Amino acid sequence: MTAQQTSLSGTADPRFFTRSGPFDAQALADAAGATLVQPKNAGVLPAFTGIAPLQNAGPNDVSFLDNRRYAHLLEKTQAGLIIIAPAFADKVPAHSAALVSSAPYLAWSRVARLFHPKDPAAPGIHPTAYVDATAQVDSSCEIGPFVVVGPHAEIGPRCIIGSHAVIGQGVQLAADCRIGSHVTLSHAVIGERVIILPGARIGQDGFGFAVGPQGFETVPQLGRVVLEHDVEIGANTTIDRGSVTDTVIGAGSRLDNLVQIGHNAKLGRCCIVVSQAGISGSTVLEDFVTVAAQAGLIGHIRIGAKARIGAQCGVMSDVEGGADVIGSPAMPFREFFRNVAVLRKLAKKASGPAEDGSGK
Amino acid sequence: MTAQQTSLSGTADPRFFTRSGPFDAQALADAAGATLVQPKNAGVLPAFTGIAPLQNAGPNDVSFLDNRRYAHLLEKTQAGLIIIAPAFADKVPAHSAALVSSAPYLAWSRVARLFHPKDPAAPGIHPTAYVDATAQVDSSCEIGPFVVVGPHAEIGPRCIIGSHAVIGQGVQLAADCRIGSHVTLSHAVIGERVIILPGARIGQDGFGFAVGPQGFETVPQLGRVVLEHDVEIGANTTIDRGSVTDTVIGAGSRLDNLVQIGHNAKLGRCCIVVSQAGISGSTVLEDFVTVAAQAGLIGHIRIGAKARIGAQCGVMSDVEGGADVIGSPAMPFREFFRNVAVLRKLAKKASGPAEDGSGK
Amino acid sequence: MTAQQTSLSGTADPRFFTRSGPFDAQALADAAGATLVQPKNAGVLPAFTGIAPLQNAGPNDVSFLDNRRYAHLLEKTQAGLIIIAPAFADKVPAHSAALVSSAPYLAWSRVARLFHPKDPAAPGIHPTAYVDATAQVDSSCEIGPFVVVGPHAEIGPRCIIGSHAVIGQGVQLAADCRIGSHVTLSHAVIGERVIILPGARIGQDGFGFAVGPQGFETVPQLGRVVLEHDVEIGANTTIDRGSVTDTVIGAGSRLDNLVQIGHNAKLGRCCIVVSQAGISGSTVLEDFVTVAAQAGLIGHIRIGAKARIGAQCGVMSDVEGGADVIGSPAMPFREFFRNVAVLRKLAKKASGPAEDGSGK
């Protein structure tokens, strides 16, 4: 088997994705909030049956361009309808219609969702699941195989709990949450529409211990984890519960895979934390902070609203709101890249022939 | 739902934590090994019913100050009793008693444990668990739902095995271990009082292969994992078994979440490895080594006793006992920060107006 | 319990590993593709019963030397037979025979596999497993306790599915795969002989969202994960499915533990990705690329064939085939270490007494 052999002519393999439609171009334009532009040299538009990337799309597919890196794919695409920014609209082939939008990725998102809506909960508790007699599970919930729901846990309407997930004692989930397979939830209070991908660990003991005469002594971790409305948590991510206050992930924030959040950390609204980043205990992120992949923040610091922490950045002190920092230790983007350039120049001078500029 | 709406007046939400007490101040002083100092302007001390952070504590709560960053919280706290270091004792409000200790975090740990002792094992094997007929499980153990205990595994007295955990063939656990949900244990020998948080993977194949004529060939991994007494392992951490010797985590060592330990690595006693750090195969840590978050150590090196490896450090060669290193490649702390300062200065000089010092 | 108390005289604890043999030296030489050299001062060679590291091996054990760091162990070893490179053959003790090979690690791998062959699948579906009525599971498969096999999933001959693994709806596994405990597979097409270690998450939603008027809006992730033949995936590693194309791991590639692979990434044949490294969305690795531990690659870049990305490297742009890069941002190995040396020298000059060279 090779990638070649398994590639698809379109996308959205029907083994995995159910499909709605077909839709006509104007319905798609309406869903996308985009302007429909007819093809230059074609007649009546067909009904559109699905979505596909530019290189695979056919006349009945909707495709999109969001990244100028891939603009060359426009030349050869057979896509019948292309979602595109105004700047590229004149590059659309003559046989293709366009949905022109100043937010093409958002438009794409909505069109894709129209063709492939989320499956709703299929109410019922799988016969292999173990639900404690004192737990309250709304009758509209879908509880998968081998799920454990502990004593006094509460699960709100239309939640979907994936196979083998553990909803610990007293945990509270509001409506419309989707909890992936193998997720562990303990000591946690979860808002509405929260999504947690497989294998995430939420609410276990934080890393707290004191040095005693006989070795380390564990400090009891007596706080909780609070995930506010619309939070999304990636696969195998770990969020420790607070030690004396709560660990809080603010409404609308999104954490990627393999992220670590230490005890008592507080993330504001709509923060983004990309994969393998780590936020140490008691650190505070104000609203709209972005932490890129593999960045690390020490404990007990504050990151101001809308700050952006670059990939692999090591943050050892507070960051002002709106700042862009990178490097380890963290510094402004401009300073970091200036340092890199200056060091390269100095190193060339030190090691190569200095006068003629040929030193590499 | 917002953090505001879900915050608590005290701590230790009774949905999640059982509580002992109340306790009088002298009993708490005794447990903490601290000196009780009566409040300046109050009468008889109340019985204390719980613990809480300074900002939330009331007159019947015990609180603590361990980090000078939060000393300003003393001004407004209503806590009845505050665990505190001698240096801050005079900052305790007049209405509060104090437990003065030269090790306030340790004292806090013990007071918190007094109010919230660990739940003991509730003996019994859950009816949904699958225990092989040849396994030996002590009758005092608590075996959770959907646990698998493999052939010839041995589980000592008072162990608690969380739901869905897998205790593989031949694995041996000594007394009083606590194994979290979804933990996988194979090819492992585990000491007493070992704690493993949810999702940790212990004993799987190491990353070993040779280049053969047709591609990579897997090298059989024929060692084990040995976790000595009192080891603690974080959530979703991975510890590969040895290839020809054992992978060993020394007594009392603590690993945080998402840590990677390669095959044949040996950690001494009371080592600390913080989240997302990685230790490559066959590397040796002597006793009391600290590896901070996101640090990485290459294979086949030795880290001397009491060395401290800073966050995000990249260690490519041996480190002497007692050394403090940081940076990638690793260097002494002083050298690292000197380099940072010098480069910043050189870069400013290279890019800005040099004479008047105004260059930014 | 200490490491001392639990160490073994040989290796391959029989509680965990079954053993074949004994084998005579010539049979081992044949398996290894190595040349048998008789011991200088010994008589008839014994039958060999197992393998062990040099420091523990006895006269009936086979051992090996692959790393010159450990060459001093040859002096005291009691091993009866030692697999070794020609360069060290004259260091073999007089009482030991040798298997001389120009590829000693590969030779070792084959000898170790001879003594400890992989256990074959023990056909059968565990009575606690839940297999959907529409799934197709070959009768030669071994399906462990509490496994879930979803609707229309297909599992080929001789696959072994570990306890609690989830094979999602429509997922296809070809012959001879070994899926570890607690693995989650969804939206995936898997080749032959693929090995996935415990806790890996394959096929979940990628990290894709657009900024809408009310906050982030999830972009449907409509691609798949394709793992080609002979791929191996480490414990707790996460591979997101594609958004519009597939995420592909090429034939023979090996990923270590805690690795992150973003949506639409394409890895070629025989790539190596070491633990805790991360590859962002839509990035392409050509064949035989190595990514060392904790390295991070941004999205939408291309890494040429046989390039080597160093540990903790931060790759922000394309890398040419065959290049060796390290540092963050990535640069050629030589340049990186030259920069380090030059900065150290400049920093010493700036801070210490410059004239006499004594400045440290």
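We call the chains A, B and C, going by the order they appear; numbering starts again at 1 in every chain.
Just so we're on the same page, contacts are C-beta pairs under 8 Å (C-beta built on N, C-alpha and C of every residue); 3 or more make two chains touch, one makes a residue touch a chain.
In UniProt terms the chains read A, B, C = UDP-3-O-acylglucosamine N-acyltransferase.
Fair warning: this is a prediction, and the values are worked out from it, not measured in the lab.
Where subunit B touches subunit C, under half of the residue numbers in use are shared by the two copies, so each contributes mostly different positions.
Rotating subunit A by 120 degrees superposes its CA atoms on those of subunit B, with the angle stated to the nearest 5. Each chain gets one centre point, the mean of its Cα atoms, and the points for subunit B and subunit C are 27 Å apart. Residues of subunit C in contact with two or more other chains: 146, 164, 182, 199, 236, 258, 276, 294, 312, 328, 343, 346. Touching subunit C in their complex are the following residues of subunit A: 1-3, 6-8, 11-13, 15-17, 51-53, 56, 67, 69, 103, 105-106, 108-110, 112-113, 116, 126, 128, 144-146, 162-164, 180-182, 197-199, 230, 232, 234-236, 252, 254, 256-258, 270, 274-276, 293-294, 311-312, 328, 340, 343-344, 346-347, 350-351. Partner subunit C is touched in their complex by these residues of subunit B: 130, 146, 148, 152, 164, 166, 169-170, 172, 174, 182, 184, 186-187, 189, 191-192, 199, 201, 204-205, 207, 209-212, 215-220, 222-224, 226, 228-229, 236, 238, 240, 242, 244-246, 248, 250-251, 258, 260, 262, 266, 276, 278, 280, 294, 296, 298, 300, 312, 314, 328-329, 331, 335, 338-339, 341-343, 345-346.
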